[in-house]
């Protein structure tokens, strides 16, 4: 008998603008002691389906229209709130995507950990604490005794996700629902957490429902894969079948979107557009505390027309390096030369004029676009500011930019929130291209995007790079993406560049142990 | 944390110094003097009075004399109440006003937080609209109107509560405290509603629900702590504002507090008294702003560790 | 003090606790005799005659005051001040025309200042309207904060200013010597050597009470013809006396003599039955 | 790449003016909000009545009937009369002229100073911020009454001064709210994107920061206008405000408060006028905030 059997689940959202069906007759099962993975992109209804099971979608506007979800002989969908509450956190537990926001910042880790025990088991606080510390140990947290009274902000993302997992497992649930548990984590941490979930599942004989947008991530651990698109299940089966004999075009598209291979880069372009010498960007706290050396004595060249990949994990200083070159972060020391011009010495009007020659694409297209400006305004701003065109020609130029980045022209009056993530990133790319720059810093431009969109944006960037003869510094934590797009690669660790070289060389024969560990953490290596 | 407090206090010194200096010269530039009365006193009597209070000295000498007195904690003699020093008057009025302010704030907190939290739990329903509409009236209802209205209803028609005095008849502290606290209750209600709405949409509230916590624990334990931080940050300026704003209430209810002295001093051109109350109140404002900032930071573990780490 | 607007309420109660009696004080308007248009004595007379004091007392003051046509209150130790003029709008209009402002034409405007208080405002508003409707002259009002007002009056920075005088002792001299030349409380710029002589030289040397009062009458007549002030009303003392109190009698100085006061606690206000 | 053809969508070419779209879209959205429209219409009605009062008012605002005195509402005087026998409806109508003018103009002054001050302090940060906010602290602490009396002595008494004085007090809080908004906004990536485009700080504040900080400012403004109307009564008390027989809602309310037991209608009707304004403003303000939040329609 299945642990969880969902049949014909239907969920809709009732808003001012009418009713939209988010989940349209979805069925799947989770077997005891197995991992079922639901794959889909944003808006596919994968998370909504799972939240609906536990009554966690806000209602209104959410509404369950139909279906059955049998769990241990009960239909979860018809239980009262009080009955559901008894199941939540005891028989069925959840872990969420973003460990930074899912732990209460105002309560200690320990307090949050023991809550399920106090609520469902009526344990005394002392007993609960003993149990919690055991579990912290089990999920790999060092010195759990002192950890118990710490606050979430004192932990890294990976550590917080371990705490979340401990919290979910503390009542020994029969079913664990994991909603994108590794998406917000660095690649090496992601590998560790995936291993942890797989290990725990084996030891404790629980069923896991694993939700992800990334086929590669689940390829190593899932027993069963369910692919969802626009509220419907389009394909399901064992991983092997999905990866090797995908039937549905959407599944095939997902597979094709996984970045792979490397570009054919022409060797030995030695004409340096940008030269960085002994660059240091240090952030000083107040008082005599040691400065944070985000970028520490870094030197390299960026060749004209190349895409230089810059890879590293969060906190490695890779974003600060990109922002330093853009003169967005205050440079502590060293020199940046752009086409023979001392960039570090430019100020005021000179700097403002020079900015038209270099532009930046930011990681989060939700945050990097002014929410109160239409596409038209966003694109018009740089055009007018740098006198790229006359006011009379403005409309033509904007239309041309929209064509270039592949946006339909009738979107021109819309606001950022009306677009999907990929479309927003296209707007941001359009804005960066508007000044006709020679050089672009792309700071994790695809890491917030779904996998198929990611592939499209990467293709767009490469095509635009060729067409406009752009030089690009491409910053990413994703080895596969870098491998796919870059000519050369720099590996950054603790503010220093630990390895540099052509992509082929670095990926095939990494010299540094750190680079090797990065490469071995790429998920789904086995499948590729 | 200590560094933060010290640096804030250091920043306050020039502020208070400028306030003292500006006030000193402003009050002397205002028309009318402390000894002007409807029935004109004889010129020689007036001269003698001015000599007694050093008003005959050149202005800059008076200023430096005042500063040196102030440095020793002396606020000088009151011009209006002969024989009493400003220190004496301040410290006799302060406990009364502080107590009034404390009760008012307590009422504001109890009513405001309850209303704000209730409204935030069911936004855009009747449970939201009614308390929030009342809050809006509360913000705009001047105390010179609310006070007499309460007196009329509870004091005169219903005869439930005494209508004036402070501490002489049981229950005489209730109406003044409500009158003074009403506007603040309304602000607290709005602030706590906004704060709670923000927190209730956070991911960790969903985590708490996913753990199977009963709703009262989700709200009371997980949401309230963060949701009320804006209220805590508001309390400092509010308490300082209460002290300065208690004048109307103290007048309506015949309460011998500080607020009356503060405003009467300005009417009487009681120079030392104006300066004394201004110095005193601006120091209190600085102090209470600091306390509530520190308290708000202390409630936020992230800020707390930053502050105790010596950072700012 | 009893609030003005509460008085009718108390008065209407049977067995009223309200007790009112004349008081040694006069409410009047100071006129700055050096500022046009009120430097013209005819204008001052016209303004004074256009004030319907009976109506003012009846309506705005709720019968709590007595109309005044002189600076000295009536029956000040047997002295009854002369009544030189009365409410006479026709004569007022004629005087104004003589002064060069027929039916208010060419009127340069006039400002009344008063210290901020509800009672003063009400009087000023009523008088403003009386002057406007009887004489067709525009009047502006300006309330001032107490010390600012005192400063304006002592600096003589006004045209017309509200003023009151409460006697220090029961004698007409205490009122009349206000207006001697450069008197500390004169504030009008009024200066008349004959008046000064009457008040400062002749009256103090009077042989009898009758002679003294005759001199006062002569001086006050002079004052009310030249009108450096416009008297409005005589104050009254107002008390709420509980029926249980017996033996409290009013006097001109409104000083309490508790020697003969008795309390009868069984008496209650008719309003307080319960 | 296709080149631009003449057959472009018509609406593309209509967008001649930069930045105009936000306001036009906000207007579209506002029109659909019934509460906001109701509030707006009420306010508009009040303003129209205020403008036309000299022609609409049933009686003269200064003519007295001392013999009538204070009388309750009747057929001749719908809202009764005051102690001078003046028609209360007329008084409320004329009072509205003053109160609405003071409320809107003084608040506009406060908005202008407060928003600019707060935006600069918050955006520039560091020493400039510290100095600017200490100045705000100092102004908070100065005895307001003495300050007003002095203003009056130096500049004489006029209505312009009244606006200035009120603006001088109210902008302080506005500046604090704006500053904290700007501080959080300037961390946003789209501001960074604007810097990397080369926009000047002034342009960034004007085009990127202020439009995104408007929500709390609008809400605070709607609360400020009624309190400014009441503050005007206090300034009148100090002699700075308007003088009888002119009147305002604030003055009518403070007079009415003294006689609420005897003549309640003298308090109720001006109070009702102010309360109606307050609620209309609030509905309009909330509506405007929602309308300017272009994302609002989604959630």
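Per-chain numbering from 1; labels A, B, C and D assigned in written order.
Keep in mind that, in the parts below, contacts are C-beta pairs under 8 Å (C-beta built on N, C-alpha and C of every residue); 3 or more make two chains touch, one makes a residue touch a chain.
Keep in mind the model is a prediction, meaning the values are calculated, not measured.
Student: What is the graph distance from subunit A to subunit C, where chains are linked when they touch?
Tutor: Contact-graph shortest path, subunit A to subunit C, evaluates to 2.
Student: Mind having a look at which chain is the central one, using mean CA positions?
Tutor: D
Student: Measure off the straight-line distance from the CA centroid of subunit B to the CA centroid of subunit D, and report it in whole Å.
Tutor: About 25 Å separates the centre of subunit B from that of subunit D.
Student: Calculate how many whole Å lie between the centre of subunit A and the centre of subunit B, each centre taken as the average of the chain's C-alpha atoms.
Tutor: Roughly 48 Å, centre to centre.
Student: State, to the nearest whole Å, the distance from the C-alpha centre of subunit A to the C-alpha centre of subunit D.
Tutor: 45
Student: Multi-chain contacts in subunit C: which residues touch at least two other chains?
Tutor: Residues 145, 148 of subunit C each touch two or more of the other chains.
Student: Which residue numbers or ranges of subunit D touch two or more of the other chains?
Tutor: Residues 145, 149, 153, 261 of subunit D each touch two or more of the other chains.
Student: For this entry, which pairs of chains touch?
Tutor: So the chains that touch one another pair up as A-B, A-D, B-C, B-D, C-D.
Student: Considering the complex alone, what residue numbers of subunit C touch subunit D?
Tutor: That would be residues 3, 5-6, 8-9, 55-56, 58-60, 116, 118, 121-122, 124-126, 128-129, 132-133, 140-145, 148 of subunit C.
Student: Of all residues in subunit A, which touch subunit D in the complex?
Tutor: Against subunit D, the touching part of subunit A is residues 16-17, 326, 328, 351-353, 355-356, 359-360, 362-364, 367-374, 376-377, 380-382, 384-386, 391, 395-396, 398-400, 403-404, 409-410, 412-413, 415, 417-418, 428, 431, 435.
Student: Under the touch definition given earlier, write down the residues of subunit A that touch subunit B in their complex.
Tutor: Residues in contact with subunit B: 54, 56, 85-90, 93-94, 96, 98, 101-107, 115-116, 119-120, 151-154, 164, 167, 285-287, 289.
Student: Help me check something: in the complex, which residues belonging to subunit B touch subunit D?
Tutor: Contact set of subunit B toward subunit D: 11, 14-16, 18-19, 22-23, 26-27, 29-31, 133, 136-137, 139-140, 142, 144-145, 148-149, 152, 156, 263, 266-267, 274, 278, 281-282, 285-286.
Student: Note which residues of subunit C are touching subunit B in the complex, please.
Tutor: 145-148, 150-152, 154, 164, 184-185
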